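Across the two complexes that follow, subunit A remains constant while its partner is subunit B and subsequently subunit C.
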Partner chain A sequence: MIDPHIASAFDRDLEAIQAMLMKMGGLVEASILNGAEALERRDLEMAEAVRAGDKAIDRLEEQVNEEATRVIALRAPTASDLRTVMTVIKISANLERCGDYAKNMAKRTTVLAETPPVGSASVSIRKLAREVQMMLKDALDSYIQRDADLAQQVIERDEDVDQLYNALFRELLTHMMEDPRNITPCMHLHFVAKNCERMGDHVTSIAEQVIYLVTGEMPDDARNKQDETPFMTDEG
Partner chain B sequence: MNDMRIIQRTAGMNDIKIHAKGVDVFYGDNHAIKDVSVDIEDKTVTAFIGPSGCGKSTFLRCLNRMNDTIDICRVTGDIRLDDEDIYDKAVDPVQLRAKVGMVFQKPNPFPKSIYDNVAYGPRIHGLARNKADLDEIVEKSLRRGAIWDEVKDRLDAPGTGLSGGQQQRLCIARAVATAPEVLLMDEPCSALDPIATAQVEELIDELRQNYSVVIVTHSMQQAARVSQKTAFFHLGDLVEYGETGKIFTNPDDSRTESYITGRIG
Partner chain C sequence: MIDPHIASAFDRDLEAIQAMLMKMGGLVEASILNGAEALERRDLEMAEAVRAGDKAIDRLEEQVNEEATRVIALRAPTASDLRTVMTVIKISANLERCGDYAKNMAKRTTVLAETPPVGSASVSIRKLAREVQMMLKDALDSYIQRDADLAQQVIERDEDVDQLYNALFRELLTHMMEDPRNITPCMHLHFVAKNCERMGDHVTSIAEQVIYLVTGEMPDDARNKQDETPFMTDEG
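Up next is the complex of A and B:
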């Protein structure tokens, strides 16, 4: 690792901000996992806990931004220090959005719990959420370890998430065509699936920030998007 | 105009004013500058940064042969101003220093009137044909030094009676009075308060329209604020030289990184 600053308080500030960011990341990971589990098991208590837990994530984001602003004002960070502060701000925004999506999943769970289950969609969604959470875990690990290769792998894995989402989209479309009574739960399930897919995009953005942090340059080409649903019709 | 970024990045788009190649400087046995090559652009502010004793001031002083005044100092290598070797025997150092002006760390006005401080250079270099000419040069220089409005009613007052910041701007006015092409500044703001510093920095930015400015500074924030190109010196080596924004966001060399981020390098 790089040498410590001559001003040791600067190191303490940067470490404190990054510790907050990691705490935030841990909470978001838990929200994603618990949100999906609550959905599959129709566990309203757990869903409520996920909803309530989002407040802590939002508070942490505010704290991270406040502290990062202070560091910019007081320490005038440069080079890798500057990139650290900039990426902390961006990553915290990505995490905050992921937290919101998990919260939304929990909200919809309360509605879905009152409708009959639709096929195995909630199992597939849990698999999708699990995949996103694993990506997030690796993205945060790549941040801590300043590992651009691992971050690049995370970016590439977003394709798997997109494919899982595409499959779910088709599955839900089929259920809706089979029986119009499925439309309400399928619409909610679709939003949940779409939210998971969006979380994958935020995690990808986090991984891109890690590459910027390590190399000083953003990865040039965003990978090919695998989401085909914008072009999909009911003929599938 | 397809570059819509906030900070104009003009670095690298100007002609080369000073070509230095393979420059070594020795003080007796001390090898103070080691094989430094650098191209300084015209109409650009170039900052030299580095820890004390790294050779940045020594190198700056090579650019107008100020090191000639130090007996034990020996300079080798090639330094060209507009393709003319400034160490050529035919070059008169006094003429050279009229072209390559210098401003020092401590404001050092002559113990003369404000007017005579500025008029001194043009007089000895015979730049004015008559009093009206000289008046014009003095006014223009004081305006360039961003101090005209503050002193126009007391040009006969002694220069040493001004405040520190005013004295430094007077010295800058004095330096530009000989119509130099390059202005060297060795820590021009280190004795000034933040307001005077800001005024001098604003002035440096204006001077860039007409001159090539080279500034040595211990304040990295000052280098970042005023310069378009930055050179980092360490132990007599030129470690890294590049666009200022690049140096301060993503330097190539780990020694540069350690220095600018305040780490033990």
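Up next is the complex of A and C:
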């Protein structure tokens, strides 16, 4: 930008918005871990806390949107500054979706607590959730550090998440075949597993945004991955 | 805006972007209908056309994003003009997700074609998809006409979609209990049904954006609906 005052004013505004985004990211990471732990331990109090906590995440997304729009109107950023603000808006939308999936995991915990445990499925789900949370942490770091390499690594790790999900999908199918009484709990566990896999897709999308921000190029090999994995399971 | 030249230039740019958005909406509506028809008729050629067609939808979303960003940088719109551009960006993201779900329905058709038909599930799914497509049409009309009442009606109709989904969920559970050989096809049919229900949530989110654009108030009663319905089915 030409005017250094405007530039520095923009930078201060952007820092404030990024702080909100990072706070949002921290809350979402915690929801994912706590949601999975509540599911495994059938801890209804912890599950309820995750459900309640999603409201704060939703509010933060609204704040990020309002602030970003205000900054665009006030500072009229151009080129890379504008691209950065647009990226922040998109990342906050991905975070909000992850928060919804974590909340949903917590809701199913209340339902699943009334059904018999199905093998070690909830342990596998916790592994899956843990992997997604670590990917999210790195994706947010890659944004702050403008590190396209780290973002690329996050995208590649989504395949591990897909594989964990596929193994779980087969495990659940087996339990359903074995005993019809497992069908209802397995349907819910499968939703939880699928939602973890979807969170991985949203984290991947965050990493793609970072690469776009840093390089100006959008990687399209990782596009539209959600819901692809079950087809792999048909072969497995 | 003060300067009529800038104002009219912005309006021309906005019209061009809205034209892209409407084209995108038309393609998504067609994908939803054709995806469901291909599933019911087990028409693999039609399914393949839906899969291939999603690329055009993705490209349109990228164009909408690029154009919207360009217009913001070039025209520096403020207040309601800026809000309109931000709304267009959000609506195009919702449309892109609906396109992905339709593509996914088409992919599962290839898998389901190799399994025995399960009752009249694919007929019910087509009803569900048809309802979502009509909601989407009205949501896009409500945007163009800036009609908050029509948008509110769309939001309320999402409950019909949820009910159709719940009935289907119970139907599939019954088939799975009856015969384990139904489990695999039912898992796929359930995904398709769930994705239709999720499309309804994205259409609802479009209608919410329209209400926000027209009234300045975001209705929050319809927020975060996705994945809630299976809990109702536990009572049913």
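Here is the rule we use: the second predicted complex is superposed on the first by the 214 of 236 C-alpha atoms of A that agree within 3 Å, B and C clash if a C-alpha of one lies under 4 Å from a C-alpha of the other, contacts with A are read in each partner's own complex, and residues count from 1 in each chain.
Basically, a residue touches a chain if its C-beta (ideal position, glycine included) is under 8 Å from a C-beta of that chain, and two chains touch if they have at least 3 such contacts.
Just so you know, these numbers come straight off a predicted model, no measurement behind them.
Enquirer: Contacts for A:Ala148 in the overlay, against subunit B (first) and subunit C (second): which applies, first, second, both or neither?
Expert: After superposing on A, A:Ala148 lies clear of both subunit B and subunit C.
Enquirer: Just checking: does A:Ser80 make contact with subunit B only, subunit C only, both, or neither of them? Give me first, second, both or neither.
Expert: first
Enquirer: If we overlay the two complexes on their shared chain A, which of subunit B and subunit C does A:Asp58 touch? Say first, second, both or neither.
Expert: After superposing on A, A:Asp58 lies in contact with subunit C but is clear of subunit B.
Enquirer: Would you mind checking which one, subunit B or subunit C, touches more residues on subunit A?
Expert: Of the two chains, more subunit A residues are contacted by C.
Enquirer: Give one of first, second, both or neither to describe whether A:Met46 is in contact with subunit B, with subunit C, with both, or with none.
Expert: neither
Enquirer: Quick check on the superposed pair: does A:Pro180 touch subunit B, subunit C, both, or neither? Answer first, second, both or neither.
Expert: second
Enquirer: After superposition on the shared chain, which partner residues are touched by A:Glu217: those of subunit B (first), subunit C (second), both, or neither?
Expert: first
Enquirer: So, does A:Phe10 touch the first partner subunit B, the second partner subunit C, both, or neither?
Expert: first
Enquirer: Per the definitions at the top, what is the overlap between the subunit A residues touching subunit B and those touching subunit C?
Expert: Residues 76-79, 82-83, which sit in both footprints.
Enquirer: Can you tell me which positions in subunit B touch subunit A when the two form their complex?
Expert: Subunit B reaches subunit A through residues 220-221, 224, 248-251, 256-258, 260-265.
Enquirer: Can you name the residues of subunit C that touch subunit A in the complex?
Expert: On the subunit C side, the touching residues are 54, 58, 62, 65, 69, 72-73, 76-79, 82-83, 86, 89-90, 93, 100-101, 103-104, 107-108, 111, 173, 176-177, 180, 183-184, 187-188, 190-191, 194-195, 218, 223-224, 226-228, 230-231, 234.
Enquirer: Considering only the defined contacts, which subunit A positions touch subunit B in the complex?
Expert: Spelled out, the residues of subunit A in touch with subunit B are 2-7, 10, 76-83, 216-217.
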